[in-house]
Amino acid sequence: MVPLHWYLTLSAAVFMIGMFGFLTRRNIIIMFMSVELMLNAVNISLVSFSHYLQDMRGHILVFFVITVAAAEAAIGLAIIISLFRNKQTAHVDEMNEMKG
Amino acid sequence: MPIAMPNLIPVMPELVMTGVAIILLMAELVIKRKETLGFLSLISVGLISYLLLGSAGTTFGGMFVSDGYSTFFKLIFMANLVLTVLISPKYLQTMRINFGEYYALTLFATLGMMLMASAADIIVLYLGLELMALSTYVLAGFIRYDMKSNEAAIKYLLLGAFASAILLYGTSLIYGLTGTTNLRDIAVYITHNGLAKNPLLMVSMIFFAVAFSFKIAAVPFHMWAPDAYEGAPTPITAFMSVGPKAAGFAVLGRVFLVAFGSVKTDWSVILIPIAVLTMAIGNILALSQTNIKRMLAYSSIAHAGYMLLGIIAGTPAGISSVLNYMFIYAFMNIGAFAIVIMLRTEGFAGEDISDYEGLGKTHPTAAALMLVFMFSLTGIPPMAGFMGKFYLFMSAINAGYTWIVIVAVLFSAISAYFYLRIVMLMYMKEPKEVIQLNTSPGIGLALAVTVSAVILIGILPAKVLALAQQAVTSF
Amino acid sequence: MVQTMNNTMGFPILSMLIFLPAVGAAIILLLNRANEKAIKMVSLLVGIATFLLSLLLFTNFDKSTHLMQFVEQHEWIPSLNITYYLGLDGISVLFVLLSTLVTILCVLISWESIKTKTKEFFISLLVMEGAMIGVFCSLDFMLFYIFWEAMLIPMYLLIGVWGGPNRVYAAVKFFLYTLVGSVLMLVGIIVLYFYAGRTFNILELMTKAYPFKMQLVLFWAFFAAFAVKVPMFPVHTWLPDAHTEAPTAGSVILAAVLIKMGAYGFLRFSMPLLPDASRAMTPIMLTLSVIAIIYGGIICLAQTDLKRLIAYSSVSHMGFVTLGIFALNTQGLEGGILQMLNHGIVTGALFLSVGIIYDRTHTRVIADYGGVASVMPIYASLFIVFTLASIGLPATNGFIGEFLILLGGFTANQWAGVLAASGIIIGAGYMLWLYQRVFFMETNPKVAGLQDVNMRELITLLPLVILIFWIGIYPNTFLSFMHPSVLHLLERVNGGGAPAVAANVMTQILK
Amino acid sequence: MNSYALIPFLPLAAFVINILFGRKYLKENAHWVSILAVAGSWVLAVMALVDVLGGNTINFDLYTWMLSGGFKVSVGFLIDQLTVVMLIVVTTCSTLIHIYSVGYMHGDSGYYRFFAYLSLFTFSMLMLVMANNFLQLYFGWEGVGLCSYFLIGYYFNKKSASDAGKKAFIVNRFGDFGFGLGIFVVFLTFGTVYYEPVFSQAGGLAEATFNFLGYDVHLMTLIALLLFCGSVGKSAQIPLHVWLPDAMEGPTPVSALIHAATMVTAGVFLVARCSPIFSLSETALMVVALTGAITSLFAATIGLVQNDLKRIIAYSTVSQLGYMFLACGVGAYTAGIFHLYTHAFFKALLFLCAGSVMHAMGGELDIQKMGNLKKYMPVTYMTMLIASFSISGIPGLAGFFSKDEILWMAYAGESPVGKFVWAIGTLVAFLTAFYSFRLIFLTFHGKFRGTHDQEHHLHESPKSMTIPLMLLCVGAVAAGWVGIPALIGEKIGVHNYIAEFMKPVLGHPEGHGTHAEEMVVMLISIAVGLAGIGLAYFMYILRPELPARLAQQLSAVYRVLFNKYYVDELYSFIIVRPAIWIAKNVLIGITDARIIEAVVNGVPSAIAAFSSGLRKIQTGLMQHYATIMATGILIIVAIMLLR
Amino acid sequence: MLQQLFFGYYAFMIIILSLLVVTRGNPVHSVMWMLLLFFHIAGLYLFLNAEFIAAIQVIVYAGAILVLFLFVVLLLNLREELSLRQIAGSWPAAFFIVAALFITVTAALGAYVQGPVGSYSIEAIRSETHTKALGRLLYTEYLFPFEIASLILLVAVVGAVVLAKRKLRS
């Protein structure tokens, strides 16, 4: 039997890797993917919790998370496209017209 | 397998809202004058408000609660929606983004907020939050051709998603610990199983605190707000500075007082520095702003700081003071934004603070209204803003947080400086150039409503206060 | 239970006093801004009507009791137990009269000197009046605070919009300075509210006893608000700027009424609510008062700006007031209260006078004047009256106040009395020097050919001249209002013992 | 209401009428109002005299002026022997000088104003002398000071005049500072400020002490000395004498009335009035005596070398006032008041004569530029000569009797410093005679040293001016006859009326000397007077080149005297300049600007600077935002877990 | 033991692939590594008896979302930017923060106490099948959130259209 801790640690690791990507990457799309990575980390822990608690709620939540992730991706990518139309870049550090 | 029909009375307002939003989406295809859509949504708000008053109850297996608390917040959302719709049409025309989806999306966003306010289950909470957030992302990026608007949307969206991930991580931990996502069950489980000092519970609570702090734009999770507020279309800025913030407070209050009620001492340790920092950073950074939307953004951050005092107090009085303040804040803040919108004309942003120079001479009425809003935001009686702050401070002091209140009043004195600067520019400087005001009946109506609310609530706050207090008795 | 006297007037006179100006402001709001004459006339009529109404207070006031009179109480915010609660006693009644009188004078003096945004100006002025009256009438701490803060708005505008060249700085400084002070007081008020069992009713709060430590903290919280307003050393630096830059009407209101509110606050709140702390803090307050007297006086010697000099002289004079108040004896207190009134009249008059000449010359630099007495003899005569009242010459009101204060101060603390008395020498020094530089010596070409005061200006100043001599020669008209209230206050502050003796003396005298 | 209350209020009415209507309506007729009012007061004063001679003293309250707790004070009047003497002096001098002014001030642009001030002065002075309590005394005290201020600065366009007025007021305030404190102590001790209870209870408290500023001091000494501070200021004694010579900037009638006959003697009046208190303190009396003696010597020495006609008389006044204090200080209050009374006549006369001379000389005041005026102005010459004889103590004239009385009382009284002050007094008598006649000789004798123009205009003054001169001259000769000492009186069968009259109020100390001693003292004083005159004759008529040579040889002494011992410069150096320097450089420059304002402006600008600095954190970059969020989370987690 | 080895493989791959995703310079590569990552995660789900979740992980995530990403990446044609620095300069700070967070969170995980055990034992799910169990719950107990999710998707559609498609009008 695989202990729950292993899953949780794995989830934490992936979450942190995703966060690291989010904090460091300049490319907007990769930042986006980093967020997806974080969401997947959450999903891992949810599914494993569900498994160990013998409960379905975790699965349901994962289902919704995936739904929302899809919706977020759709909108996010739409924004990126219109952004790209105005300014030919996907680099975040060129998106600092507003600051201070 | 027979499926029991759930009790739909409590969700009736939301259902109507959904219906109206979908009708608007369809009507958009046939109706040429998009203002009509706005008008339609206004009518629906009337209906929804009516339904709200009779909607008390719990439904969907306890996932959805309609109580005084949620109803009060929903009234704030309605006010927010109505005022936003009133100030929008002219702006949309000026900016050439007069799409019907705008109204549908504001309705969806409001729907999301309503769900948040009523959520008794983290799943509903999360979905409501996302519904609100996604709609708002779109609205923030609504001026497609404008780089600033795109930038605002993408920053808001990415950081929002980041915060959502953190929220979800917290959710997963709490789910793992308690085996449930229902707020009340969580509370019961925590107390019955002595989880109160569990470090993992603390981590989970921190993640919740962070995610909600993000929504209410509390320092240090506020960084998105100034940029998003500045870049978004101005009516949406107004909308965002009130609605999502109020919704954030709604869930913050409910989650922290219901689910984490037993670990109040722990989370107040988190929220106190956040509140102090929020007031500090919001007020101090607002001082050096040159863009009025940005300044108002920082001001709205600062106001979140004040409102956190009520949550920290954690008493019924504290919560009701937050409700009361949020209600007042909706009027004064949107009123201020309405003036900002009026200054916007084709080819003239009117967003620079220096554009307000001499407004008292060229447009005395607008200037006088702005003056009222500015003093109200500062918290000078007899404007409503004072009453709001006063009640907040009172409840915080009663809960024993006198020192934080002293910090708060000092920062609110600092805030006078930048609010007064607007008044100063309007009345004490000569106009540089002639500024045309972009007025419309909608904005006029919105201003009339906001200014009379600000003054009336300032002078006769008893009604609203009583309502807010009633709202938390059933909480 | 708190005892008060019912309003026997048959109509809510205090509310009418507060809201009549507001109604006037509303009427002006509806008037066309081009119709300046109507705006001014409405202001004047409303001002006069309010004044006449306030005269009823003067005649109907029952001088034999310390109880609150003309009381009105209505529910306002029931859930917080905040009531709309008005009433007057012997300490506050005179200030209402002063406020209503000063407003008329301000309308008159602004008749021609205000040339831009006339409408806003008179609205601000009238709103100001209502708020001022409200401050003096409030018996609910919250209501008081609301009026107290509400005054900031019109005053900020008065200074900032119609003031002198450096007006914006002065206005912001005034606003922030006073705001910082008052928000601290707000915290104090709330603490008090909860300690006393959820009430803002001042009279009820006074019946409670508070632990000494709490009193001390609250004392300083209140001090923050009141001392700034007075202004006491070392928080006085807003005053020279605000006074100097404000338009004449603004300076007059500031000097005559606004800065009285600080001292009034000490009397109405700090002392009866926090008697032990007030007693304990007396040495510090007396020290600060003496410093203010001497410091403000000496600093006047080096002023080159007319209004600035008078402003600093206010610091000195208000030092006398606080000295008298914190002498905590009958003479000191009554002298202090009377001196508040006196200072309002005299410094108000001085600012009005400076305004009159400023309208002609547009300079405030003392060196630009000289020999004005030759060209404006009537003006010079009026001004000397104010000057003499300011330096406390017998037969003027200043003497009565200062004498009683010094007597009280000397009784309470000899060093304070002696040092403060030296302020009288300094006062004579700077005021007479000012007078000499402006009115005497060779006529400066810049002032040659000035017109003497016209009828409107004369009417503006005459009531103050009359009051100066009235109080100076027959002060009992005004002192008699205070006796029972002051005794009552002293009883509360000193907590039995000494006041009992005083009360005996009092009953003997009243017979 | 007692009709004597009208005594002060008639002149007040005149003031009010003149100041309100004078400029527009009365104009050249303003003097009528004032003169009638003052004359009315004089008549009432005489009636009061008769009343008092009949043995009545009158004491009544008009109305309650101030009432605060246990403090009550009225506007009230006390007319007793002392008051009535003062009343006569004040109203008489005042009436005469009013009349004199009609001629003197003729054609002046502020004619009405002048008379208004004179009336106001008369009112204040009368309030002062008639008060029945300390506070009303103080009222009159400050009132006369105010009128003095107005009248000294009457020619306000002249800087020196307005300076002098201001100086007089402020210097007096220094004295009043002590006076005021004295009243406080009186109230604190006696619980009242009315004379009657205070004086009647004073004896019971003779040995009492009072904790003053932390020191236990003898109560009566304290009160007496504090009150005496006021006297020092008003009567121009050292160290507050500096204002009186400058006060000569005012019109000459003013100098005569206020700065010679009446106001400046108020200090003496105060000491006499408070004699029940002063008598209880040997220390205080000693201080009074020594102050008087030193002042009289000091002023007399300055008077020796001055060239300004009016200033010489002014210093003479200071000196004579010193004499009066000297008298009071040795307990001879009656002698002091007697000298006050005679001095009023001859000194007013001297001033009015000086005014007459000025009138003739076109405003010239330097006696070095005069000479031989007796030829043109016989009346003035004669009257001034008589006045000078009177002041020099020539037997038979008013000054002789009063001066002699003082010197004898000093010599024979109980005062421990009596002999010493007698010696000084005698020396001063010599100096007085000398400088008075130096003045006479330089002005009226010798050759005219002015310009030709001036000489051409020399003329005797008009009747309205000379008649008062002559009337005052009568006083200067005969006023002393009411106080002929027993030594002489016994022989010619008259009493020392004034001493008897004043006895109920001031007492009459008995001298401890024999008739022979008294005779010697008298002869010495006559001798030094004559010696002074003789020396003056020698130096200015016989050997006119001598003074200049003397001045050269004793140049250091001469310069010190000529510059009035540099007292003005000293005050400027230790009080005026430091005050302004502190105001500018310390209070404005350091405390206000560098400390308070630095905080007041510094905090906002620090916040603003902080704000602009903090803005840099908001870089606009999402990674940074997220990093800060993550840092926030980390910090919170750390707080929670490390707690 | 076998299970643990199995888990070890998946965990190792997931971490490696995650690292690759966030460190690759070319977004296209990142997307590709992510695709692989998602398959591994789906495998893990299977391992946890969550067949339906594993399926949608592949279908929705890998099939729809990632393809959308890929599509956008290619649409934007970012190839020429590949030479630029990909990682922000402050990465050590970010690394420190993330590492510290990781340590604290994993440390806190040590305090995990098992929650209450529910009724959906592995056997129960197996007998009902995972898909059916989930579906039943979604359409009964979780109907309400399910409907909200539908609105979210609607908003996403509308939003995407508004932002990317519609023509501007004046």
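Read from first to last, the chains carry the letters A, B, C, D and E; within each, the first residue is number 1.
In this text, a residue touches a chain if its C-beta (ideal position, glycine included) is under 8 Å from a C-beta of that chain, and two chains touch if they have at least 3 such contacts.
Note that the structure is a prediction, hence the values are computed from the model and not measured.
J.: Any chance you could name the chains that touch chain B and chain D both?
T.: Of all the chains present, those in contact with both chain B and chain D are A, C, E.
J.: My parser should flag the chain pair with the most contacts; which pair should that be?
T.: Chains A-E share more contact pairs than any other pair.
J.: Relative to chain B, which chain has the most distant C-alpha mean position?
T.: That would be chain D.
J.: Which chain has its C-alpha centre farthest away from the C-alpha centre of chain A?
T.: The chain farthest from chain A, judged by C-alpha centres, is D.
J.: Taking each chain's centre as the mean of its CA atoms, how far is chain A from chain E in angstrom?
T.: Here chain A and chain E have centroids separated by 6 Å.
J.: Provide the C-alpha centroid distance between chain D and chain E, rounded to the nearest whole angstrom.
T.: Chain centres of chain D and chain E, defined by C-alpha means, are spaced 103 Å apart.
J.: Any idea how many Å lie between the Cα centroids of chain C and chain D?
T.: About 37 Å, centre to centre.
J.: Report the inter-centroid distance (CA atoms only) between chain B and chain E in whole Å.
T.: Here the centre of chain E sits 30 Å away from the centre of chain B.
J.: Among all residues of chain B, which ones touch two or more of the remaining chains?
T.: Within chain B, the residues that touch at least two other chains are 123, 127, 130, 134, 137-138, 141, 144-145, 153, 155, 158, 162, 166, 175-176, 179-180, 199, 202-203, 226-227, 288, 417.
J.: Multi-chain contacts only, two chains or more: what residues does chain E have there?
T.: Within chain E, residues 88, 90, 94, 97-98, 101, 104-105, 107-110, 112, 115-118, 142, 145, 149, 152, 155-156, 159, 163 contact more than one other chain.
J.: By residue number and range, which residues of chain A touch two or more other chains?
T.: Each of 8, 18-19, 22-26, 31-32, 49, 52-53, 55, 57, 60, 64, 68, 71-72, 75, 79-80, 82, 93, 95-100 in chain A touches at least two other chains.
J.: Write out all the pairs of touching chains, ordered by chain label.
T.: A-B, A-D, A-E, B-C, B-D, B-E, C-D, D-E
J.: For a test of understanding, state which residues of chain B touch chain D in their complex under the given definition.
T.: 155, 158-159, 162-163, 166, 199, 202-203, 206-207, 209-210, 214, 219-221, 223-224, 226-227, 266, 269-270, 273-274, 281, 284-285, 287-288, 414, 417
J.: Using the touch rule from the top, collect the residues of chain A that touch chain D in their complex.
T.: Residue positions touching the partner: 19, 22-26, 31, 92-93, 95-100.
J.: Please output the residues of chain E touching chain D within their complex, sorted ascending.
T.: Contact set of chain E toward chain D: 88, 90, 93-94, 97-98, 100-101, 104-105, 107-108.
J.: Can you list the chain A residues touching chain B in their complex?
T.: 8, 11, 15, 18-19, 22, 28, 31-32, 35, 38-39, 41-42, 45-46, 49, 52-53, 55, 57-58, 60-61, 64-65, 68, 71-72, 75-76, 79-80, 82-83, 85-87, 95-100
J.: Under the touch definition given earlier, write down the residues of chain D that touch chain A in their complex.
T.: 615-616, 618-623, 626-627, 630
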